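Dropping the structures in below, format is structure tokens.
Both of the next two complexes hold chain A, though its partner changes from chain B to chain C.
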Partner chain A sequence: MFVLVLRNLARRPLRNGLTLAGIAVAMAVLVTILAFGEGYRQALRRELEQAGVQMMLVPLGCPYDAAARVLKNNTLENSLPANALDAVRNDPAVAVAAPLLMAACPRQNERRTDMWVGLDRSALLIKPWWRAGSGRAWFTKQDDVILGADAAALEMRAPGDKFFSPERHREFHVAGILERSGTADDSVFFIPLETAQEMFGPLDGLRAGQADRLTAIAIRLKEPTLIREAAARLQKIPGAQVVTLTEMMGTFLNLLGAVRTLVVALAAVAVVVSALSIFNTLLGAVLERTNELVVMRAVGASRSQIFGLLVVESLLLTLIGNIAGAILAFALGPRVEALAGNWIPFAPGASLLALSWADVLRCGLLTLVVGVGAALYPAWRAARLQPALAMKSE
Partner chain B sequence: MTWLALSSNEWRRRPLRQGVTTAGVAIAVAAMFSLLTFHDGYRDGVRNEIERLGAHVLVVPKGCPYDAASIALHGANWPCYLKSNYLQEVAGTTGVASAAPAFMAALAAADGAPVVFVGIDERMLALRPGWKFDGAFPRRPGEVLAGAEAARLRHWRVGDQVALPELSATGTISGILNATHGADDSFLYTRLQDAQQWFQHRGELTHILVRLKDANLLEPTVAALRGCDAGMDMNVVPLAHLFRTIQRLANSTRLLLGSVAMIALLLAATGVSNAVLMSVTARTREIGVLRAVGASRGHVFGLIWLETMQICVAGGIIGVLLAFAGSHGVESWLRSGLPFAPSDALIRWDWLTAGLCLGGAALLGSFAALLPASRAAGLAPLEAMREGAKT
Partner chain C sequence: MRRQTVLILGLLLMLAWLGYRFSVREKPSQPPNPVTSVERTPVCPWREPQQDLAILFPQATSYVLETRILSGLMVPLQKRLGRAMTVDENPLRIFRVQAQERWVGSVLLRRVKGEHGGIEIVTGVATNGTVHGVRIQSQREPESVAQSLTDSNFLNSFVGKTSASPLRAGEDLPGVASETRPTAQAIADGVRSQLIVLAFAEQSREASEVVSHRNH
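The block that comes next holds the complex of A and B.
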């Protein structure tokens, strides 16, 4: 029977090829979308957990708005007041308070934005993965720079190399390259905090007396359960507000969830459309092969055998389509991700695609069920043919 | 017999196949139409909602300004409060035309829908020139100005003495707002002092609505507000920025959603191509005869092309109608999952979008027709008749 099915499919290569392509594309879209959402969530969680911090103290104003302003090459007008760091460090619940100065440096010529982060020793406590892949793991001079793994690959630098930043007219000395961490930090240029304050302060038109500015303070608590009281106390620091990471993650995941529902619904539309296509193809095959099927019936094939033949044909069609779709998803996924990465807000640094066999299996199962469902009516039509018709039509 | 009549023969001969193919196109077009109108509807909805607020700048307590703005627009309980004396500073800042204080609190009612109380004073009237109401603005203790929907639900009329829902207090309905088609319709407006007293937050506000003298001076005024003495303890949210950011978020999803919808359309086109190809194969003999009696290759190509177009255009029309008919259900489903869902209709009829979808379907049909039509046109008359006779 299997051979028969294969031969039937091979008889109309163009038609079955088109149907197959439809199934494959629908399957690929479904798998990619599922993998994408899952990957985003995992990356976000990893990023937040690896940070080992429970909250951030950021300047007043909208955190999203600040990010947007940075992207447009505008200055970071918001910064934390100078005394905020002391206030945080004096809080009884705070174990580690790491001052950070983040600045984005858009590079129009290369169509990307470099992230520069100035930090001091306390940052090592909140970045437990911090290990030098090559070179030294900490700055020895004020013009040392330590590169994240991706940043080093992009700039093609090794420890000991010189590194010139044309936008900032400053030459740096690459002290070390970090091991890959799987977070956004992989593409960051790390420099000493004082250097960053000196470098990004005056150029961004800051008033004198704001030289010791910070853009954020990452806070780890002695006891994670103290988060509520600590947040309430720190919220009182003038000019600053506390964002807990659970809040932040909740906001992102809400947004993601909304988009994901929409996309999954659209993918479902694609699957339905390709199911209709299978239905049509099989129905056409039944009508075209009426004579053949009738003869089969006349020489002794039972109704259920005919029914089975058609169902197996559909199954095989969807199965091949599924395999092609899965291959398509694995092959094109990373490329799609690179494309989509430019459009997705707050994309974590790590790969967003988590293509998993479980997802592939789940989608495959779904499309197979849909395929069999689409085959039911044509198969029933075929099984209903009367063997006596054979005499008439020949 | 005209070509049009000839090309529509297939509908009679294979109604099921044609129907299924058309349904495929219709579903894909419906998805596209919903998506396109939804994007416009969402943008306009958010803009209307922000405009209805009547303010240029929102002053809110510390915390995420987006949550705060969403609460101010839709009504809910606030996590933090502002001190009442910030109001004087805000009102005294250069560039500020009027600053209206508000104290908002929400109580969960037995039927699930929250009851939102908003304490305001007469300064609010300067921000809402569109407000019309029967009766009077609440000026005496216990007086309530009810939103149109809130009053209708509870059968309140002006002058009624009522027990305020979920509060152990009674009030007088001093006025009922005419419908504004926004969140205002379900709010209960009271005197500022009453709201502060009922919810035990004397001397505190939840937000301050600020209207500027000149909307073009937004940036300097915001900078001035942030720089005033209280500026370190409150969040100043320019609503134009808020709108831009929401818009940017919506736009960033647009490409992703659009491409998935495009894929669905392409799949539908493949299905159309396939179905027409099948009908061409089944009619090999017929086409041979047509050619033999004098129809040119161009005629045959045109015939098949016309057939394909019929499917696609019919699918397009049905799809657009389907999307419109189902918009209510789709909308309530979307609303449940969307952050910042405005209360206006999200999916609306739009001739331009409908035309765009129809045009898109027709264009797609032309492409889908290429393969089967050229195959049909390529048949040699005699061989086609012979081959047709064989099967």
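The block that comes next holds the complex of A and C.
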């Protein structure tokens, strides 16, 4: 029967080829969407885990935008109130409160922006990946700077080299260069918090007494289950707001979920179109091969054998289409990721595509079921052909 | 009949093999790359092509990016340079500058190590291989040093120099203060190596080339 099926498929290469292409595209779209959703979730979780914090205290404004900016080491325009750090550190649920001052220095003529981050030792507790690739891992002097791996490569700096801030006219010495972390920190110039407050506090036109300027406080709790009550208490600090990173992750995933539903609907349309295409191909084959089928019936083929012939044809078409679709997904997935990554705000730095054989199998099974479903009517129609028709056609 | 079956089975096997290859290629995740001393410097971008062209080649109407792979010349080039080639040198990106379809010169980019940070140099080279003009597109030196490095007297002193010129700051390139000298020499070395690499690329047929177009 298998040989007969292969011969039938090879008889109409163009029509079967187009049907195959339809199935392959539907399969590729399904696999890529599943891989993209899973990859985004994994990458986001990894990035949040690498951040090593459960909460952020940020100045009033859009909390998610603020927290995302902090995660991505983008600057915040507003500052936290002066008493915020003490209030956070005095909270019974807080294990670590790491004050941060982030400042972006755009260099218009050079079409680039320097990112400076001031931090104190508590930051080491929330950045578990913080390790010096060369030199020292922490500052010993106020004019020490520690560079992210990319920043060091761009500025061609090694430990012991001088480093200068043209915007603030301040000279530093490179104390160390961090190992690559795969996060936004790779492009940052890290300096002691006091130095950052000196550089970016008063000079930015702040009120007197705001030399202890902070743009965010990263918080790790003694016990993650205390997150709700700690957030409720910290929320009361005037001029500040709390963003829990799980909330932020949930918001991102909800946004992604809405987009995913839309794309899954489009993929469903692709699957339906490929099912109709199989239906059309097989029905056409039945009509074309009526004579052949009735002769088979006349020489002893049973109804179930004729039915099976058409179903196996459909199965084979779907199987080949699935294999081609899986190859398409693996081949084009990274390009789709590169395109999609540009459109997603605050997309995680890691790969957004988690292609897996489990997804391929799941989608393959779905399209096989759809393929067989689409073959049922043409197969039933073929099985109903009467052997007597053979005499009539002769 | 049997031939067709074998063909289709062969096709199926090939597709399965391709799928396996693609999946295997995606799997290995890159571990963090530790920094040893200075990381491999990224390729120097051309940040302000229009602005630079207006100064270096005012008559320019367009430019074409030509990429030369100089791996075949690596041994003699490294001997001449006295060091290993950088990412800005191999592959060498040459921006061929045109004025009304006529080639008027080339632009080369290079990042060098200054006293206080990376310095990005844009060098205009005339068709005869001499320096047509030099611009500093990015630097982070203290103001006094930055001023003298971007001063037209210093930059114009490169004009007319060739790959054979010694380019010593303070001698061939006058008007360099002592505090500026190390950084000025780094720039001079950068320009000189650009001229050497370009001269090798132009003279040798061994250098394969890839061309892509970009107009402005």
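Keep in mind that, in the parts below, the second predicted complex is superposed on the first by the 264 of 394 C-alpha atoms of A that agree within 3 Å, B and C clash if a C-alpha of one lies under 4 Å from a C-alpha of the other, contacts with A are read in each partner's own complex, and residues count from 1 in each chain.
Criterion: a contact is a pair of C-beta atoms (placed from the backbone, for glycine too) under 8 Å apart; a residue touches a chain by one contact, two chains touch by 3 or more.
What you see is a predicted model, and the numbers here were worked out from it, not measured in a lab.
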| item | value |
| --- | --- |
| First, second, both or neither for A:Thr261, with chain B first and chain C second | first |
| Touched partner set for A:Gly133, first chain B, second chain C, both or neither | second |
| Chain B versus chain C as contact partner of A:Gly239, first or second or both or neither | first |
| Contacts of A:Asn8 with chain B and chain C, given as first, second, both or neither | neither |
| Partner chain(s) touched by A:Ser274 [first = chain B, second = chain C, both, neither] | first |
| Contacts of A:Leu18 with chain B and chain C, given as first, second, both or neither | first |
| Partner chain in contact with A:Thr195 - chain B first, chain C second, else both or neither | neither |
| Contacting residues of chain C [partner chain A, same complex] | 1, 4-5, 8, 11-12, 15-16, 18-19, 22-23, 26, 29, 32-42, 47-48, 111-118, 137-138, 140-143, 146 |
| Residue ranges of chain A touching chain B (in the complex, touch as defined) | 12, 14-15, 18-19, 21-22, 25-26, 29, 33, 60-65, 68, 81, 235, 238-239, 241-243, 247, 251, 254-255, 257-259, 261-263, 265-267, 269-270, 272-274, 276-277, 279-281, 283-284, 287-288, 340, 343-345 |
| Interface residues, chain A side, partner chain C - complex | 2-3, 6-7, 9-10, 107, 109-112, 129, 133-134, 149-150, 152-159, 162-166, 169, 171, 177-182, 320, 323-324, 326-327, 330-331, 333-334, 351, 353, 355, 357 |
| Contact footprint of chain A on chain B as seen in their complex | 16-17, 20-21, 23-24, 27-28, 31, 35, 62-66, 80, 226, 232-237, 241-242, 245, 248-249, 252-253, 255-257, 260-261, 263-264, 266-268, 270-271, 273-275, 277-278, 281-282, 334, 337-339, 391 |
